[in-house]
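Next up, some structures in structure tokens.
Okay, so chain A shows up in both of these, paired with chain B first and chain C after.
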Partner chain A sequence: MTTLPKSTTRKLGLVIDLDTCVGCHACVISCKEWNTSNYGVPLSDINAYGAEPSGTFLNRVHTYEAKSTGCNAQTVHFPKSCLHCEDAPCVTVCPTGASYKRQEDGIVLVNEDRCIGCSLCAWACPYGAREMDAVAGVMKKCTLCVDRIYNENIPEEDRIPACVRTCPAGARHFGDFADPESEVSILSAARGGIALMPEQDTKPVNRYLPPRPKTDVTDESKIDILAPFLAPIATETGGFLGWLDKALEKI
Partner chain B sequence: MPPLDQPKLDTSPEMSDEIRKTTCYMCACRCGINVHMKNGKVKYIEGNRDHPVNQGVLCAKGSAGIMQHYAPSRLKAPMKRVGERGSGEFEEISWDEAFDIAEGWLRPIRESSPEKLAFFTGRDQSQSLTSWWAQAFGTPNYAAHGGFCSVNMAAAGIYTMGGSFWEFGAPDWDRSKLFMIFGVAEDHDSNPIKIGLGKLKANGAKIIGVNPVRSGYNAIADEWVGITPGTDGLFILAMIHELMKAGKVDLDYLIRYTNAPFLVNGDEKSPEHGLFLRDADDKPLVLDRATGKPVAFDTPGIKADLAGNHRAAGITHRPVFQLMADKYLSDEYAPEKVADQCGISADTIKRIAAELAHVAFEEEITIDQPWTDWKGEKHAQMIGRPVAFHAMRGISAHSNGFQTCRALHILQILLGSVECPGGFRFKPPYPKPVEAHPKPHMGVNPGKALNGPHLGFVRGPEDLLLKEDGSPARIDKAFTWDNPMSSHGLMHMVISNAHAGDPYKIDTLFMYMANMAWNSSMNTKGVMDMLTDKDENGDYVIPHIIYSDSYSSEMVAFSDLILPDTTYLERHDCISLLDRPICEADAIADSIRWPVVEPDRDVRGFQTALIQLGSRLGLPGMVNEDGSAKYQDYADYIQNHERRPGVGPLAGFRGKDGKDKGRGEPNPNQIDAYIENGGFWIEHIPEGANFFKPWNKDYQDWAVSRGIYDAPQPYVFSLYVEPIQKFRLAAQGHGDHQPPDHLRAQIEAAMDPLPIWYAPFEGTLIDEQEFPYHALTQRPMAMYHSWGSQNAWLRQIHGANPMFVPGEIWDEKGLAEGDWVKLTSAHGTITVPAVRMDALNGKTMWTWNAIGKRAGAWALEEDASEAKRGFLLNYLISELLPEKGDGQRWANSDPITGQAAWFDLRVKLEKADRPADGNSKPHMQAQKSPVGRGPKNLTYGDKF
Partner chain C sequence: MHPSASVIIFTSLSGLGFGLMFYLGFGMPEVRGWTAFWFFLIAYGLAVGGLISSTLHLGNPQRAMNAFSQWRSSWLSREGVAAVATLVLTAPYAIGLIFYDLNIAALGWLSGILALITIFTTSKIYNQLKTVPRWNMPLTPVLFLLYALAGGGLMAGQTLVAAMLLLVLTLLQLAAWQMGDKAFANAGHTLETATGLGHLGKMRLLESPHSSPNYLMREMVHVVGRKHALKLRAISVVTLGIFPVAILLFLPFSHTLALVAIASHVIGLFTSRWLFFAEAEHVVGLYYDKR
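Right after this comes the complex of A and B.
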């Protein structure tokens, strides 16, 4: 078993806005592209041009349908990567100390030199956020782009995870949840950010902003409308042309 | 075990050796990219923060550019076919031999009958070059892919208001409070829409998505309207009915900026019925409310009336707006009347109309920016109606698409929300009225150039491209009575017409970036048969096919001579103002591609090959007086070609010193200047000139100074399109130019100068009991048409495409997870895997476009999921409508523009057994890959 730090100085993580995510997979591929040639071994692709290609990804987008009575069915795009839990079971289960949580910023990482590829951590993670690389035989996971966020060789504005840098809709935000004044803390508080599966007691750091309520309910009486139905003008004297004449006179 | 020390990490690794800034081509969006190079290889591609299109972000396709650039499907060298067409048997040859072969076919036909060359380019972003080349060759047979893509949207926009969506203009994302998006494919204009939706969300604006399918953008819309396909026009006209009935239209805007007050001849017997009353200078007349007298529409200081009668020469004339009131106030367009057909409740239609009116008129915004209009009138403020719209193929790829697109433009105009703050805004060089566009040309002279541009905008029957005997001048029959306003040509008809020898036989079919033997054709199987068909002498019916592509697409196997293109990172390109530019509503901009990586194969950028072929053929403009090549390659052309004096492919850094903007002498260092500037050039429109562009004096003057126009050309929007009425008059028997009798009824019905709705054709010709459902395709955000399947990363997202079946049908048919279904149309049958989806119009099923692949193509293994389970809907769609029993075969397209009516498809569905071989049906036999196969596994990045 590997121990977790008692506390971390910062709690770096992501806010993912499910009201804005259009499910475009930009974050998925930018993540793959960055991480296949930076921290750790490459993210391999098995049968890359064959029958059922299967590669390692640190971030994936799942699509769900939500149905309830009185509403049209909804489509929800749900990007998922490591949540950098405070009580990360993937760390405590690790037999070699390869999985660890960084004291200074809370990022959960795998020290690939120590990883024996036993996959216990993947079993322990309730979110399915880790993937074993089939070629290298080591466990891969989101690093929050630890090799970008402090990187003095890139412009300061780019020192954010690749997925956040690339997200076209601006649905992903990065910051320090230990700081109540950070953008992510404020955004999460304002929009009712939720922790995934809190009953698992893993204390995930990442937060998801829920979709705004939709206005396309099937029962029209329940709609919070901007304006009442338009009243016809034809009741005025002279009908449409009479109205038109008066209206033009006012211009 | 005890805690171990945290390893010490290098958190500042070197990212790359060098960053090269160019333009993406993973789709047609044209984002700026930073290509990070390491050890001479592409390590990482990210969005360019300074670039106007994507402002730093990048989609999945863009980030997967590495896999496209290094794809094993890249062609390696010119090839000539050595087996039968379709087999994939080729021999690599030199460029000299390739040019010799091409010249051997093309030189004789240019000298005798240039129309025997049909040159059609697909997803081409260099149409100003390719059209110029075709014009110099002298063939009338040139177009790009607009005819099967979205010509309805483009042509309806140009004829109505001088521009349309996407490249023509965009919503005012920063100021709009209510945004409606209709039928938008998710692949482009990809990043700007996503950036814009993010802004709207952040600003608390409401988004209404109108689409039978609730995926992508519609998934995050606050309100989803799951409309029945092909009824968008009816829905829009019902909203217009509601708005007009309530007087919620911007009368001041209509008087000033549209032809709403123009007087129209109301005598049905008159040969000028439905045309505008004009003065001696040919200017349309309006009634001046102050005097009741007719005056020229552009008379300063008048206030025009929108109703009234004017008698001239015994004929009553009435304003356009009054005709609109007559038409749209009719119960035909009442919400209650259209609700069932649209699949939208009457209350929803009424409520959305009310919300549009509320935001447009009660939440008006103003910018304290004085401006002067075209009549010299000064305005203290800019008044905005913060309602914006966007739409694409979902509403245009129907046989009623042109009128539907017109209806949407009319809706925006009635609300006064075009070119104002918060509304829809044009991007330079738009707005540009019909009058500023060329007419189409057909003047063929052997050995000489065509007498003008191929494509354009007809003003009436006299502009049709018909020979003296009335037969079509063009192989695709564009600009004929079948589809008079086919401004983008009809690429989808070229192969079937050439095969049939109707209107004539051709010798050489020359295509670029168009996968006609697969996903870009209706009736895919039929097209393959036409391409391989032989005559009684054993010769191919279409004698020669030249094709250029970067990759081993399905079409390669059906061609005789292959000119291998480069990848997008290996080439020069210009994203030109003469073509499909990348401007913003507030700025003029263009950009380049340049070889950030040198090709490691014997390939050339297609445009370079085209210029070199042109100079071999001695085409005018491509050779010097001594016959030597005028341009060595495309880069040379980009810098030195002048289309008009001082105006060339790139607008930035012109003049010897590189300081001229828009107009200026060629600059020998222009491309270097672009590279230095990040691959693009941008100049912002001056404050005060950036709204109300068609009527804004400052904008007009600025546009002239930048070479967009040669003289100011203010104009008014055409609620009523007079050229359309001219075709209808002809169909009614007026005028010298008369349609064939069998087309009169169709022209008279469809060509209404005010938008109408009529049922999509296929639905009226089939038995609705037999084919009760609709079937569609959508293009995914993470993949661009066929090009993504060779991409090892993107094919893991979209590696196979199920048929998404609505829950209602799913339950009715007793389907269960893993089931397959048989889908049958009037034209064909497919058997494919199915998946349930409930966020879907209850009568509509859909699948992803162009995921299915032919075995052997794209360097994929023959058992790739794309080739086994993946499928095309195209097998169900014909270029011809089901038989009417009148002896004619009618085109499955819009009767006004000829746009392919992909989305009119009607089907029935049955549960099917999963085929024993696991292949979707029909399953084409494998092609031989001319490039071999890719590696089994990838570990990209292990070299860095």
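Right after this comes the complex of A and C.
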């Protein structure tokens, strides 16, 4: 059914920390690796070794520059995948019932066996989170690694989305936003988690943590916050080190 | 949005076909026998041709039957159901007129109204998308209906009605372009709201996530060809409305001239439909710093 559930028991989603993300694209690659060999058809690549390679990805990292007058420009790496919206427009437009939002955990999925590849859901998504596979002609999107998070055949520490598991910077967090005590809820509340393009009224579940304020480089006294730690502790050295110091000085 | 031929042909032709069916359903003109045959053949040809064209852009057309299932929520599904209902219900009405000299008027009205509903549902497929502010305006369904009624009227030989509708259509099309040009800005979508980082300053794309265009950019970030938009708008209003109206109102009626008027209108219709897609800016373009 492509009508949306009135509410979902849980709201699984991601917190993406834009302060920590280093833009290494490891999440992009591990997502591609996991999802090309698991849920649904493979994520095809077209002309992979040619001049214009193109392929299906469920997660992409954009890099932006933010600049306000009087401040230095700031680089922000911006990973983007399906936000598993509560009011997912991609689901209600689907004519076939292929797209649906799960009542139990809020994950938005595509049943590829029903999908006719009409593209309308990708048109309805404001975030560019859906890509039609050029080979299979069906719609692909982030599954929140539904085939990992409940998978009892893999070690418990792996039962999180591949992107979260792989992120070397720890910039991605997975959890239940319906539970106010969950790690993701607490993180999002503490750091002012952002919903993307709120004026589209999609009520995204995923949240983005804005970069922390930068050190004010115009104030000289604040520049070198590490200097106190580097100051010599003892000025006069004795013992073996003192002898070594003097001996070396004499050479 | 990418102005793909299949959707341009689909919306244009099926609009004309169902527009003509509306008139035929209400007995305008009252036709029988061979005349009725040709009229219904043209109407069915256009409507069905358009619908078949719409399946050409599907990734898996063999599963197209699934698309009739979600009429409770999906406008695309409703469009499919309404189109098939119109085609099926019009058939006995047409058969009565063609072969039995029999006018089942009530059935005609029903199929006429269903034809209108079908055109409305087609327009809603595009109109419902908040992601494309230019389409997400109340004028969109009005225009789709007017295109179908004016073009259908032209083909049904309803000279006066068609001329009036063409005039209204021309004016509203001009208004829609004007309003559409401002729609994106009015909706308030910017790269800053897209990333939620406006408090950091002005944002710009520093590095694209991929080196060559992907599906999203090919499908939704169509920027080529817009530079001729103004010229195409001019060509479109002249051919779709002004020229046919001039022929209909100021020249003595003849079948050849009526054909010229229809041909001109169809050229205008295709041009404006191309613009409808090519000029439509999708909000996802913001993430690529392109529209």
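One rule holds in what follows: the second predicted complex is superposed on the first by the 214 of 251 C-alpha atoms of A that agree within 3 Å, B and C clash if a C-alpha of one lies under 4 Å from a C-alpha of the other, contacts with A are read in each partner's own complex, and residues count from 1 in each chain.
Basically, a residue touches a chain if its C-beta (ideal position, glycine included) is under 8 Å from a C-beta of that chain, and two chains touch if they have at least 3 such contacts.
Predicted model, so just to flag it, every value in this text is computed and none were measured.
Student: For A:W243, is the partner it touches chain B (first), chain C (second), both, or none of the two (neither)?
Tutor: first
Student: Would you sort A:C118 into first (chain B), second (chain C), both or neither based on which partner it touches?
Tutor: It touches chain C, and chain B stays clear.
Student: I want to verify the contact counts: of chain B and chain C, which reaches more residues of chain A?
Tutor: After superposition, B is the partner touching more of chain A.
Student: Does the superposition put A:R102 against chain B (first), chain C (second), both, or neither?
Tutor: A:R102 sits against chain B, while chain C stays out of touch.
Student: In the superposed arrangement, which partner chain does A:G128 touch: chain B (first), chain C (second), both, or neither?
Tutor: second
Student: So, A:A190: does it touch chain B (first), chain C (second), both, or neither?
Tutor: After superposing on A, A:A190 lies clear of both chain B and chain C.
Student: Could you look at A:K67 and tell me whether it touches chain B, chain C, both or neither (first, second, both, neither)?
Tutor: Both: A:K67 reaches chain B and chain C.
Student: Mind working out whether A:T20 is in touch with chain B, chain C, both or neither, as first, second, both or neither?
Tutor: A:T20 contacts chain B only, not chain C.
Student: After superposition on the shared chain, which partner residues are touched by A:P168: those of chain B (first), chain C (second), both, or neither?
Tutor: The answer is first: A:P168 touches chain B but not chain C.
Student: Where on chain A do the contacts with chain B and the contacts with chain C coincide?
Tutor: 1-3, 23, 28, 51-55, 57, 63, 65, 67, 74-76, 95-97, 114, 136, 211
Student: Where on chain C is chain A touching in the complex?
Tutor: Those residues of chain C that touch chain A are 1, 57-61, 63-64, 66-70, 72-77, 80, 125, 128-132, 187-189, 191, 193-197, 199-216, 219-220, 282-284, 287-288.
Student: For chain A, which residues count as touching chain C in their complex?
Tutor: Those in contact with chain C are residues 1-3, 18, 23, 28, 51-57, 60-69, 71, 74-76, 78, 80, 89, 91-98, 114-120, 122-128, 131-134, 136-139, 194-201, 208, 210-211.
Student: Which of the residues in chain A come into contact with chain B in the complex?
Tutor: By the definition above, chain A touches chain B via 1-3, 17, 19-26, 28-30, 32-34, 36-39, 41-55, 57, 63, 65, 67, 72-77, 95-97, 100, 102-103, 111, 113-114, 135-136, 146-147, 149-154, 157, 162, 165-171, 211-212, 214-216, 220, 223, 225-234, 240-241, 243-245, 247-248, 251.
Student: Write out the stretch or stretches of chain B touching chain A in their complex.
Tutor: Answer in residue numbers: 1-4, 6-7, 9-15, 38, 43-47, 49, 54, 56-64, 66, 72, 178, 186, 190-191, 194-195, 197-199, 201-202, 206, 214-226, 242-248, 251-252, 255, 289, 303, 305-307, 321-322, 325, 329, 345, 347-348, 350-351, 353-355, 357-359, 362, 781-782, 790, 792-797, 799, 807, 837-840, 859-861, 863-865, 868, 933-942, 944.
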